[in-house]
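Below are structures written as structure tokens.
Two complexes follow with subunit A in common, the first pairing it with subunit B and the second with subunit C.
Showing the complex of A and B:
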């Protein structure tokens, strides 16, 4: 492979990570507030279809993205209402919505299937884009890819460096303490769930208007990505930078699957496309196994020096979810 | 008052009405006649003995999946990996049929061994998800989903690789087995085989007996409600979780084996056909009750089969079946939540 092709491929990895980043960081926000939105997979399909349809009808890309965010927010509102107000299991509601929104997307998207439509064009940044190597890699993208870079920093800054961000952490870790501090826990949870849903909802139009432009129904190749996004959120340990590493790593693996394809003519293409999934299980195993009791027990039998090294690796990999994730909050308990 | 039978039925039917109203509105919004669409679905599911038989053919894997899921749900587990467990059941069944087809064994014995192999395959795949959950701390939803994709890849690799048709491999699956290795159907033209029907009914009865009338069911329920408390009460917690995975996997594997030996007579790429995912919806809709699982699975199967003709007759996508199913489960879930909320409020004021 030539250097140019490699550079071009890596640049593609960055842009195809954009929707994943929006999904993962949106989900990270609502999970930090204590609400997990398992509807992701269907929600992205519905917002991809809806965003494409809106921009097809109006001719405006902006309205397409807006529609995607609105769909994400609406689905998140249902999750919030069912889990916060009606105290139903977040997993149950999320799963049903994941299935329902997927079928809604296929049903409603039927008339616009395969239609040519608007798509986002590249906006190379003048000056910066002509820097060798880095110019191609970082500064020859479309607006959504640049936004995805920004989103990583913004969400980190908000969560770690601002006062409301600290309160957000409290909502998921210790809602009672947040309540004592004067936070209206359930109202804030509503707010963050809807905000997270709107951000994640943008992932849909990012696909249908940029990364995989158009709507092709069941062969759009988007079914499944929402579940990947949810597992990257776990891998990311609810920290924006780590989540970003997960998203880029996943896209890199997918790209490598495509590149390696011609080298392995006997392996059907579908097999290489799923190669990231066993790795996903493996990474989830690595980030969670430190929490298992038997690991601690067997580690205690090892010599001190070895034990300390292994423990260090496990701690570095380990990710602990917000303590009150999935639990309803009642102030008068 | 809000907890009595009458109110439950009232809220339940109210939820169903809301779900139907919303579906109707959505179909109307696409510029189609909702009544015509419903009539088409009903016609497509009951219009001829042939389509009615197809509904039963589709009920078998759905009922088997739902029966299995009742165990994992009782144990407090979300076995989304069931889709892969069905696939592995189909793969193991195909493998057994392929290895035994040229031996001296009688066709009946070969089919029996192959079905048992399918159950084993589903069980092993489920235990993998269970072990990841109990020993590795990997949430069963994500472990299961990952394993689903792996199962699909394994299936495709077999169809396009080692088990490909002589000549060229294709998406239409492996070479069909000889007709004597097909499970016997009620008549030559029909796809409906009586043995799988009986097996699915037996699976539901087994689930009912074990969950409602056995010590095991009671302990599993305790584990599902509160694993920590169950553990302190001396119930072997992780063993019960793994056992529920194994049972669910065996039923799912049976469903896969039936699809291979009685329906398709070969291994095809989408052998699990989403029955596992739909089974999760059925189990949720019946609130994990083994009594209603059978009839509701039949209704869902009828929706699925009935909507197949929609794209041809009305230019509507067949995913309308999934839309109806999704709205039903969503609103029944929310209706129940609303009822309990009103109940809590009422008790609070007393």
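Showing the complex of A and C:
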């Protein structure tokens, strides 16, 4: 493989991660607030189809993305209503919605299946894009890929550095405590579920207008991506930068599957296609190893300073879900 | 600002938790709220801070009736409340927890918050680090954090629901001095406590609740005996001290050491005999809780030998279940987080605590068992009450009522934290009964009186260092307070070597 091919490949990994990032970060936001939106898979299919249809009908890419976000927000609203207001199981509601949206996407998308449509073009950043290596890697993408870089940073900044962001995390950790500190828990949960849904909903049109442009119904190859997004959210430990690493890592594994295939003719192609999944699970295990008591115990034999440093790294690595994830909040009456 | 609570009523089901309570508090007053467990103190305070909605009644500031529908409304009026059980965010870093809910712009000024936090923390002699996780703190330290946060917010009305259970004598003095200064500047303080000494040291007025009703109030100087009579409707006598001749060895520790990420405890030598009560004192977070958990097999000791009974084989490396089989029981401090299961009823707790006869639950037997335990431990609740609906003191009674019938060693953190005087005496009566039957007790307490009154021997922790066992007769509150603050250890060590 030439250097150029490698560079283009990696650059492709970055851009094909864009929809995954939107999905993962959107989901991270609503899970931080305590609501998990398991409708993700169907929602992305529906917003991919809807976004493509909208931009086909209007000729406007912007409206296509807007439609995708609106579909995401609408599905999230259903999840929010069922789980926050009706206090139903988020798992049950999300799962049913995932199925429903998927079928709806295939059904409603039938008339536009396979039609040629608008597609986002690359916008290399003048100047920066001619830097050797990095130019190709980072600055020859379309707007959505740039936005995905920005989104990682913005969501990190929001959750770690702003007061409403810290409160957002509080909603999912201990809603009663958040309530006592002045938060209107259920209203904020609505807000963040819908916001998370809108962001994740953008993943659809990012596929259908950019990464895998067009709508090809069941052979679009999008079915399943929502479930992967949900698992990367967990892998990401509900933290934006780690989630980003997870998303890139997954795209990288997928790309390597494609690249390695011709080099390893003896390995059945399915193996390489599925390999990213067990690899993700393995990484998840490794990352969370600091939780195990035996690790902490064996650390105690090390000298004080070393022990502290290692403990710090392990604490930083390990991820626990928001403590009140999936639990409805009820005021004491 | 004059605060009036007018005819506040609140019931839970058939239970009247607050029955038309009216209370007028003048500006700058430190108002003590007294009453037995389940009297309705927390309920009244939660209503005042917007956490609970009253059935009827109004809250009036300077003659103006206020609408307090949520904690948010209360915060805007400058009402801040320290809840009896910590309401915070365990996975957060201390500084983030400190910042959540503070007013001001979207991006907090972290550097200023951190500086303020450290100044305040130093002022009170708290050793809280801003970067550790809240969940790694002890319950007492979490209370300290919350007190600092409320003071930092600059509340105009400060409600403290049993704030002194997790702080040392010296820290308490500083806290009281601060509260008095703030009150002189016009802040109103509501101070809920079971400790008459604290109320006496701090409050300008005291009101007493019993069974949801206001039964009396008193201004400084207080007549303690009269307050007790109001609280319980009768005289309450303190138990006299009685020791039981120590029996066979129950726990022997030789050069024991225990490690955590925060702390290292080294060279503990200790022998506990049947019937003995050993009190463990120390500032919150000095390693007592870690040590106690090591004695119960919940934490693996990092060195030395931990032996149970007369046996010479160390239990190191064994699990809590192995310890349990040998008759060791451990009762944690964070009762709602670790000891009880929120959402489960009393009957369910009791049923799980006894050895099942079959895999199926006999509903009738369960209710009978619950009624028996509820009566035996004087718990205010019904078999079907979920544990989180009990008052703090009744949760503690429940926890103690779950102790197994047979135990050789009971390890307990803060056995009477949050209990009223009568219940404290009652619980210690129950514990002493156990001792007579040959059980040894190791308990942690931040209440020096409790340690001196009930223990035969005392162990003091300071930053991971441990004293040898000290006979409690040779101590008094002042001496013990000094040891807890790290003073007088040299003399002790010299004595020990001599």
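The working rule: the second predicted complex is superposed on the first by the 292 of 333 C-alpha atoms of A that agree within 3 Å, B and C clash if a C-alpha of one lies under 4 Å from a C-alpha of the other, contacts with A are read in each partner's own complex, and residues count from 1 in each chain.
Convention: a residue touches a chain if its C-beta (ideal position, glycine included) is under 8 Å from a C-beta of that chain, and two chains touch if they have at least 3 such contacts.
Worth saying up front: this structure is predicted, and the values here are computed from it rather than measured.
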Self-check item: subunit B versus subunit C as contact partner of A:131, first or second or both or neither
Solution: neither
Practice problem: For A:302, decide between first (touching subunit B), second (touching subunit C), both and neither. | Solution: neither
Quiz item: A:95 contacts which: subunit B (first), subunit C (second), both, neither?
Solution: first
Self-check item: Contacts of A:323 with subunit B and subunit C, given as first, second, both or neither
Solution: second
Practice problem: On the superposed three-chain arrangement, identify whether subunit B or subunit C touches more subunit A residues. | Solution: B
Quiz prompt | Partner chain in contact with A:181 - subunit B first, subunit C second, else both or neither | solution = second
Exercise. Determine, under the contact definition given at the top, whether A:311 touches first (subunit B), second (subunit C), both, or neither.
Key: second
Quiz item: Between subunit B (first) and subunit C (second), which does A:164 come into contact with in this model arrangement: first, second, both, or neither?
Solution: second
Exercise. Jot down the residues of subunit A that show up as touching in both complexes, subunit B in one and subunit C in the other.
Key: none
Exercise. Show which residues of subunit B lie in contact with subunit A when the two form their complex.
Key: 26, 30, 78, 80, 132, 135-139, 141-143, 145-147, 149-150, 152-153, 156-157, 160-161, 277, 280-281, 284, 315-317, 319-323, 325-327, 329-330, 333-334, 336-338, 340-341
Practice problem: Within their complex, state which residues of subunit A touch subunit C. | Solution: 161-164, 166-167, 169-170, 173-174, 176-184, 293, 296-297, 300-301, 304, 307-308, 311, 315, 320, 323, 332-333
Quiz prompt | subunit C residues touching subunit A - in the complex, by the definition given at the top | solution = 46, 49, 51-53, 70-72, 75-76, 81, 83, 87-92, 96, 99-102, 104-108, 133, 259, 261, 264, 300, 302
Quiz item: Which of the residues in subunit A end up touching subunit B in this complex?
Solution: 38, 78, 81-82, 85-88, 91-93, 95-97, 99-104, 106-111, 217, 224, 227, 230-231, 234, 266-268, 270-271, 273-275, 277-278, 280-281, 284-285, 288-289, 291-292, 294
